[in-house]
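Once you scroll down, you'll see the structures, which are given as structure tokens.
Next come two complexes, and both contain subunit A; in the first it sits with subunit B, in the second with subunit C.
Entry: the complex of A and B
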């Protein structure tokens, strides 16, 4: 009973925060764009596979007529999960940006509304606000990922030639879990700087710069992946040159190269990992994401709890 | 029994080398309408921010209804209502939705009924279904006052409540403050730099100059001693000499 009463402000703040960001047009547009791209990813995967299958069937007719030996269907040799490999790119690009905006807006909406002083004079702890915003972010990201999962599940169910077994469905579920974790890192970054920055522009610019660094700059230093290659889910997993420099940077900076970590996890779970790929990072990719999400989450929650509540607005 | 609703001892707030509030020792009794007078930048808002738990003092103590604003801030907040200088609410929500949110956050039981009662008291029930974003400054201030008294606080802190209001808005708000004090017994702690506000609304006065309390008395005694509102102005200028000379 006591706990229920103590949690009442948190629950109230969570529902208020979610209702407020649901009314934000930028958040809605980015979320919609992400979901459209999820559909596109599913379509592209299906389309590419269908093309290969159609070519294979024609070749079979031709080779049968020629009396040649028929090779196995390459489509059936590939895991149906690889159909979704473009998802990994969309999550790390538009998904991460959407997460930053959601995290930022969770704080900015209150700051712009100027209601912080009114919130902070209610009988609740500062950390309650931080926890409420963090939980609201987790719910928003979970909703985004769940929508993506529903779309992709529907795709698999609609394509009879791609049957997933129990292990396949489990891997797909874990992929969505890891995608959510990856998006949370950026959502928490948005929340952190939404609370800590003095101006709204800076509050958005810093997380976006961090995202650019993690997605395009760090992979270049750790694995010699140029920015264009980083946009390709498969080429981004090419082996780094066997020089001492990349051996050291890959090992030492690899744990911070979250975009790479996410691609490695995606490749493992969606079965598109090149067979020759060697992971040289000091800690497992999943551990990198988990530590980053927990660490940035804790910092963001604390930043919200310690915000200057006297100010009604940015730069007020 | 301690009748002080607000009690500060040596309360100080420093920003680097600059002391915004210096060793403020002040007490406000239950039921008072206390006017905190001072020039812009005198430290009035900083004081209110400390008393409403928004800002941690550098040193000294402050009690609101016997609860320390630093060590018992949660308990202190149950006793306070706060209306900032520029009341800001969620513009995309109706007045009722805003009030419902703040009432629930304050732990008000049966919030819908309390909102109706509060809006009736403030004579603005017709505002309930309207979006706050469409409100004038005066109407916004009225809903701001509503959110601050929903939980029937013991003490209401008002920071320059009439700032930016037209004469009619000022009169309406002034009447509401007086009624609130009389009907609910709410202690009022009001920041202002308008002497007319003090003479027409307050029962006691404190003057802050460059972060220091330079005058404190009841309006009754001040009027007895100095007479009319213009004399109150002279008193104010005489106890705030540095700023007055600077301004002149």
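Entry: the complex of A and C
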């Protein structure tokens, strides 16, 4: 990227790609839904924490009347960062789906517009197109995550009872970095199949199926055995039954169970890790995400670079 | 009468043949079966762990001199093993419904045959009824296959032959699953029939699926105060059940709102009905079927009402001449 003139087509492709997906109504709809849920996540965390506190105060009255020992308030044991625990669920649900759509649209919009044969006549290599699309995806995902981070920062500033110290702000920043990395995996997946699939529908459905597998099927054999537990950030990290089977599958398949890896990282960074959680995975969760994002990113970039530039639209 | 029904059957037959050639629908159905088998295998292993833990605890108590006859045997309900399977039907079954519905409209629009069909001497209701009939048949076949495999797997895992009442319970849950998937079929069909761009229809249907299948139950679940503390808030505070009920009476408005969000989701109605009928929820395990059905009839009515409302919406609106082709 040292030569400015050589990089000009890449920069043009990036800006054009970003302008195109910004006009896509489905992308806007999903991004809006994600941002609404970011606000909802903060509200839910605040509401649930306040309710638990109120229940505790009511229970104290009852226990005092009964002459029972008063246990500590569970709310006081909770970090202010845990207010955002639902963010982990929303990033892995709506965020991942939005990332797939963004990655897919970055390629599909060009294919449907029939611009591929036109791009082939320009003085640029296939890899330039791949790099440009990958960079556009990184910028789009970074924008989505930055919006979410701004909303959550404003939430903390608006709620003085949930004050963060320097370490808390740092953990929050790392959480958004890791969320961006997780979303990139799915964005690259959408880009890969947007480029490789012959049909637009199949190009969209394959990444969705992979997302379903990673979110609901694989965690069954690596952590919580109930698929719907994935919806609750605390229940999702319940320990698997104490069996040699889960020991082996947790260790061997854990590195591929990206949704679980993201939940573990979120729980560590947002301080809501259940005390019963046992980490059996062969490699650290952050390494899993990093390897997956780099690997899928490389495959997606190559898939775009090797697209048939003589064809315009999808077959069906 | 025959003249009225024959075109419906012709369209349904053609649509079923087309759907069977669609690799993605076959692949997603196979995916549901695979996910279900994983859920059942995992449940079997978890059960084995529970049995071993019980046997170990019992042996420990006997070693301490306790009379073995005073230690109660654990209750075992084989249908409880179906929890993961039911949860996969909730998530993947709904997606299959959307895909079948989407394909039913997209195949006609993509091949420009919808414009041709409206020039033929058949009514719009006959065309739509044929598509809905085909969708119902395809969904029912897939669910029958999935439930038969799940039933066989339960027998193989537990070593207990299901009695007629258990089979009846499975049939009730399968019918509810059919209604549930039919609602999502209608969603996929309606969006693909009416949307300007076909892939946008699929994304719109997925957004609705995400909102009602995952997000609404997630919000309801998250707002449950007992889910906010690992192990449960009352368990941590060591408050007995009757006192829990008494304390929670002060939070009835909060609970009404929380429940209202949950019941906005057809998934929650299907789950509540299925978990009660199959005894997956502890309070219903071992209970007779009829009182459960009486208590949970409203969930079945909700599923029926949602499917019916979407069906009415489909039949009430005229086909848009600008939406007959792919774009």
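The criterion applied here is as follows: the second predicted complex is superposed on the first by the 288 of 316 C-alpha atoms of A that agree within 3 Å, B and C clash if a C-alpha of one lies under 4 Å from a C-alpha of the other, contacts with A are read in each partner's own complex, and residues count from 1 in each chain.
The definition used in the following text is that a residue touches a chain if its C-beta (ideal position, glycine included) is under 8 Å from a C-beta of that chain, and two chains touch if they have at least 3 such contacts.
Bear in mind the structure is a predicted one, so any value in this text is a computation, not a measurement.
Chemist: Once the structures are superposed on A, label A:115 by its partner contacts, choosing first (subunit B), second (subunit C), both or neither.
Modeler: Only subunit B is touched by A:115; subunit C is not.
Chemist: On the A-aligned overlay, A:310 touches which partner chain: subunit B = first, subunit C = second, or both, or neither?
Modeler: first
Chemist: After superposition on the shared chain, which partner residues are touched by A:59: those of subunit B (first), subunit C (second), both, or neither?
Modeler: So A:59 only meets subunit C here.
Chemist: Return first, second, both or neither, reflecting whether A:124 touches subunit B, subunit C, both chains, or no partner chain.
Modeler: first
Chemist: When the two structures are overlaid on chain A, which partner does A:16 contact: first (subunit B), second (subunit C), both, or neither?
Modeler: Touch status of A:16: first partner only.
Chemist: If you count the residues of subunit A that each partner touches, which comes out higher, subunit B or subunit C?
Modeler: Counting residues of subunit A touched by each partner, the higher count goes to C.
Chemist: Between subunit B (first) and subunit C (second), which does A:48 come into contact with in this model arrangement: first, second, both, or neither?
Modeler: Touch status of A:48: second partner only.
Chemist: Look at A:89 in the shared chain and tell me whether it touches subunit B only, subunit C only, both, or neither; answer first, second, both or neither.
Modeler: Touch partner of A:89: subunit C, not subunit B.
Chemist: Considering only the defined contacts, which subunit C positions touch subunit A in the complex?
Modeler: For this pair, the touching residues of subunit C are 24, 27-28, 31, 34-35, 38-39, 42-43, 45-46, 48-50, 53, 83-84, 87-88, 90-92, 95, 99, 102, 106, 110, 198-200, 202-204, 206-207, 210-211, 214-215, 217-219, 221-223, 225, 227-231, 233-234, 236-239, 243, 246-248, 250-251, 254, 271.
Chemist: Hey, which residues of subunit B end up touching subunit A in the complex?
Modeler: 49, 52-55, 74-75, 77-78, 80-82, 84, 86, 88-92, 101-102, 104-107, 147
Chemist: What residues of subunit A sit close enough to touch subunit B in their complex?
Modeler: Residues 8-9, 12-13, 16, 20, 23, 113-115, 117-125, 309-310, 312-313.
Chemist: Which of the residues in subunit A end up touching subunit C in this complex?
Modeler: By the definition above, subunit A touches subunit C via 25-26, 29-30, 33, 37, 40, 44, 47-49, 51-52, 54-56, 58-59, 62-63, 68, 71, 74, 86, 89-90, 93-94, 97, 101, 108, 200-202, 204-205, 208-209, 212-213, 216-217, 220-221, 225-228, 231-235, 241-243, 245-246, 274-276, 316.
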